[in-house]
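Dropping the structures in below, format is structure tokens.
Consider the two complexes below, in which subunit A is the common component and subunit B and subunit C are the respective partners.
And now, the complex of A and B:
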């Protein structure tokens, strides 16, 4: 599995590239929340998923990931969760 | 508390303000960064400062324009940290904007300067439990809106069925109760009606914030709110129990619906991808009902067909989600529900909207025909929502800021996706993830940072705040004789706002009953001279009226012309550019206020701010006046009305249409206050005025209607005294010889002329062109004095700096007591290049361009070279237009008005002709000793840039002497001489040019000047010699390049440097 800090760095870079007209906190950490802290909306998550697939050059099961979040009625996504999802699907 | 609230205590929503909005402006971003750091330092050293006080102070102090920063924060420590971070970002010139979701906003290219603002109203699906509940405690208009459903339920005899019980749950609701409420909210009636309530509540907040709205649109059921907000649909017929009944009926239909099960699938892909899949695997049984944005659409179809589409999409990795309801909105499958809808809306009157409404089915503006509009609206339930097309169209029509006026924020995310990569903003007024007040702060913060004019006072309308002196300010006005320090206007305003709630309840009740839009477009009897068409009027609450600005009707305008009067000998009626006097804006606002508080008198107009001129356009434009009651004091009977004035478009400020030009608070009372004692009037260095009344008239741009000053008396450092005579009003309007006025705007304007006389007495005349930017207060202590009264007048000099001056005026009534007191009149000084000549004096005596004698060839005493590096002030669109009006003929002015090019093109057009005329008339004067008005000369410019100047209106007349014009980098030079050939060239020098660079520029200019005169290519010219001492150059011309002259001979050119410019002229005499 890729080291989490590498995936976090990838994720950080893809987020900034995808939404160049927004300002994000200097340091994005595992605890940073996608909606509350980064200010993304659910449509943005769809766009981000598309860009992450392009970045890694492969399809990633975002549908299942999001369904899992919905099933447990999560109202936000921690960057750490997204990192773990990416790591487990990039190995 | 209202009766209905008592009857159904559904919710306790008041959580109050959990954050504040802090706004700062400065002349540029460096100064803004400095202010941000200063504020951070203050907050760090005063951590106990009440944040609402600080935020309210900054809101009051926010200056128009400039560079702006907005920060949303809930604690002192956090605020300081964000300000410091923002200052660091501002210091980085690469940073074009700061858009931090945590609440820091700055835009180097604010959108209000690029386009308009539109409202987007969400429809069903946007609802969520407790939406806007936390706004009920901070904005009474929100509480009132939701309380209305209690009232409707009570009127229907079902007080326990108020929708509010589902919308706003009590804080101790159990999880089961919450789940039940959520399920109820997903039903047809509660979803449509719930979102409509929330949309209407947000409209009212935005209305009180005085957001300038150029267009509206709704998504799906949000179209109801859009049509109501725009005045296109009368509300009373539908916003009553009939809507509730209809939705009930539809709900029963839905509950009873049998047939195949319908599924709605939200797909994370565009319409094309879903259409393609549906065609391949569902044979057209699955339709795209909503094309929301490139990454979301909603597909609808029978369950089994949708499942096939879903499976294919999921295989391709496309995200999708089934929606938790089964109404096939926006497809033909919804037809069975349509009967009650059609019945409900058939009798609802549609009207021409006061604001354009776009249809979410067509993406186009609604048709003007009421029946066609109704059909389009009703049938949109069975037609797909084309939101992508809608947003693209609104963007193409100039909308740059989209404000989502309702709950959740989905539409803003759609707009983000649709317009990604282009300049725009999509800002939700409410999102589930943030408290209502905090999101309002984020919304307003972004609007402020984008320079959208907004009434920040509404954020503090129901709170008591106190001024915080956080930064060292220039000393308060050292008013002559101790003018009392400026009272805390905001404090007064806010204290009085305690009364706002009661008034506001009436406003909103009436609004919901539809009384406002009902009067749209209906001309009413105009009791006051500036009231034209009343757009909306809720007596006692708010009014909007419009009036055409037309020079032919508004004769006073021809006596108030920027650039002066009598600018042509040929046409003595030609004057400068008519602009609306500030006092007419005041009169218009006072009239609006008087209509809102009939029977009361205007005792003061306070906090007057002017942000731009309102010029009269060649094409008549419209003035719009908006006013709303802001506070009522039942104890004293005093009413405060917040009002503003704007024009709905003019050709000078193409981007300014609809933006507030003047705003103020009008104060009314049952009677005038007793006149106060006059302000002290001790004059240092007192002496009689040197100027005569005639001098004053010559030095102001006002015509006879405004000329009321009759004598000038004593004068000193602190002020000046004189008298005026109140003049008749029968010449103001072409069609109204007896105008009804509230304040007599011409008299108030004329009283201020005493200040012009004070300036005439000062030794330094530069910076004497004054634009009023604001007035602290004008107070009235009695009715307008009768025509013919002779009144004592005093002007006070309160403060003077290089860029601004501040004055006061007292005008005494026939009884010798103070009738009018004007304080804190701030003027911006304009610096225009006339040396010591008189801008408003005869135009044949002054030159806007400057003579450059060193560039005139020796031995030609009547050759003239003039040049100009147009100062920023003169390129300001209205001042430039006034320059055109006073120096160009009618034909030229028409040509200028029709120019389609860029702003720089307009400057080049104007300054090229201006310099040409100045050089020609100076040469003419040198030879014939006859002065000529520039407006009595007409320039003809051939496609190659060759100028010919003839006497005005006589194409057959012999031209004036030849002239040549050169333009480079916005700088312009012209050369005229009584010679067969004239040529000119202008070279820009690099910064810190050395002798070699200057020599090269002189050589280049000399070659190009000769080429210009001979109409040949500069490569055929070679500089043989330049004498740096005299500037004289000898230029060789390739034999054969120019026949028969100079036939290979060398010719002379004259070069001269001024600043970073080298000019060369020639008459091609042999060297």
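And now, the complex of A and C:
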């Protein structure tokens, strides 16, 4: 499995590249929340998912990930959860 | 980012799966993320090629100043269908997405193989629908906006909603964002920009989709209406007046069936698609 810090760095770079006009915090950590801290909206996640697939060169099961969030009534997503999702599907 | 230039604008779309074409069309103020979060895309992608896209003015698609009637949106769809080289498609449309889908079925008969409606209100059937404007969702919205001093009025009025959002002072918008939470913030943010367009007024226009035109649709139509829908008179009218209409009530839903009763809605869509496609009543895979 890829080290979490590498995937976090990838994710940070892809987020900033995908939304170049947004005002993101300087440092993004596993605890950073996607909606509350980064200010992303649900449609941004669809766009980001596609960019991550491009970055890694493969389809990733984002549909199941997003539905899982809804099923457990999550009100936000920690970057750490996204990192773990990516790690488990990139191995 | 996959996008397609149609009708003078750029629409953002996604595709998954393989098989006969199914296109999911979201509602006004929504976007295609609703299909991903509800799991419908994944549930259908095992058997169909599923295309979702953001209607003009919504999500990651362009937001032109005008052209938001169901006729405009149906033409957007027709051009998207051609640009993506899809086969005859079954359209699943939620609310105004269903109006767009049925308008496309009427105008572009060769590309729409069937339509599955989810709780759609048709401006052309306003006289048939005694509950027009009396949506519980709108009452909730009105009550919530009222808490920050914005008056949305008694009946559904998207133009007024967009203007109210645009006119809210920043501190009031922050209050509203706190009420709607992290997920709802994104939904709130897209309302104000729509005030710069004709979307609010256009989506309530008949735009040629009269009762007569609706009744002329010959493709199979499935009318999925929610148990607590204000539009059950519309559902009955469709069943009685369309040549080939199957009606079904989705239990425990009140206009957002794909979220209110995800399992029930997904099962119903899969079952009806299977019926339409297995019997080749509607679907065909592009050769």
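Here is the rule we use: the second predicted complex is superposed on the first by the 91 of 91 C-alpha atoms of A that agree within 3 Å, B and C clash if a C-alpha of one lies under 4 Å from a C-alpha of the other, contacts with A are read in each partner's own complex, and residues count from 1 in each chain.
Following the convention adopted for this analysis, a contact is a pair of C-beta atoms (placed from the backbone, for glycine too) under 8 Å apart; a residue touches a chain by one contact, two chains touch by 3 or more.
Note that the coordinates shown come from a computational prediction; the quantities given were computed from them, not determined experimentally.
Trainee: By the touch definition at the top of the document, which applies to A:53: first (subunit B), second (subunit C), both, or neither?
Mentor: A:53 contacts subunit B only, not subunit C.
Trainee: Name the contact category of A:69: first (subunit B only), second (subunit C only), both, or neither.
Mentor: The second partner, subunit C, only.
Trainee: Which holds for A:44: it touches subunit B only (first), subunit C only (second), both, or neither?
Mentor: both
Trainee: Please work out whether A:5 is in contact with subunit B alone, subunit C alone, both, or neither, and reply first, second, both or neither.
Mentor: Touch partners of A:5: none, neither subunit B nor subunit C.
Trainee: Quick one: classify A:36 as touching subunit B (first), subunit C (second), both or neither.
Mentor: both
Trainee: Does subunit B (first) or subunit C (second) touch A:22, or do both, or does neither?
Mentor: first
Trainee: Output the subunit A positions appearing in both contact lists, the one against subunit B and the one against subunit C.
Mentor: 35-36, 39, 41-44, 46-47, 49-50, 61-63, 66, 70, 75-76
Trainee: Using the touch rule from the top, collect the residues of subunit C that touch subunit A in their complex.
Mentor: It is residues 1-2, 12, 14, 16, 31-34, 36-39, 41-42, 45, 54, 59-60, 181-183, 185-187, 189-190, 259, 262 of subunit C that touch subunit A.
Trainee: So in the complex, the part of subunit A that touches subunit B is made up of which residues?
Mentor: Subunit A reaches subunit B through residues 21-25, 35-39, 41-44, 46-47, 49-50, 53, 59-63, 66, 70, 75-76.
Trainee: Give every residue of subunit A touching subunit C within the complex, in rising order.
Mentor: 33, 35-36, 39-47, 49-51, 61-64, 66-67, 69-70, 75-76
Trainee: Taking the complex as given, what residues does subunit B use to touch subunit A?
Mentor: Contact set of subunit B toward subunit A: 89, 97-102, 104, 268, 293, 295-296, 314, 317, 319-321, 409-410, 412-414, 416-417, 433.
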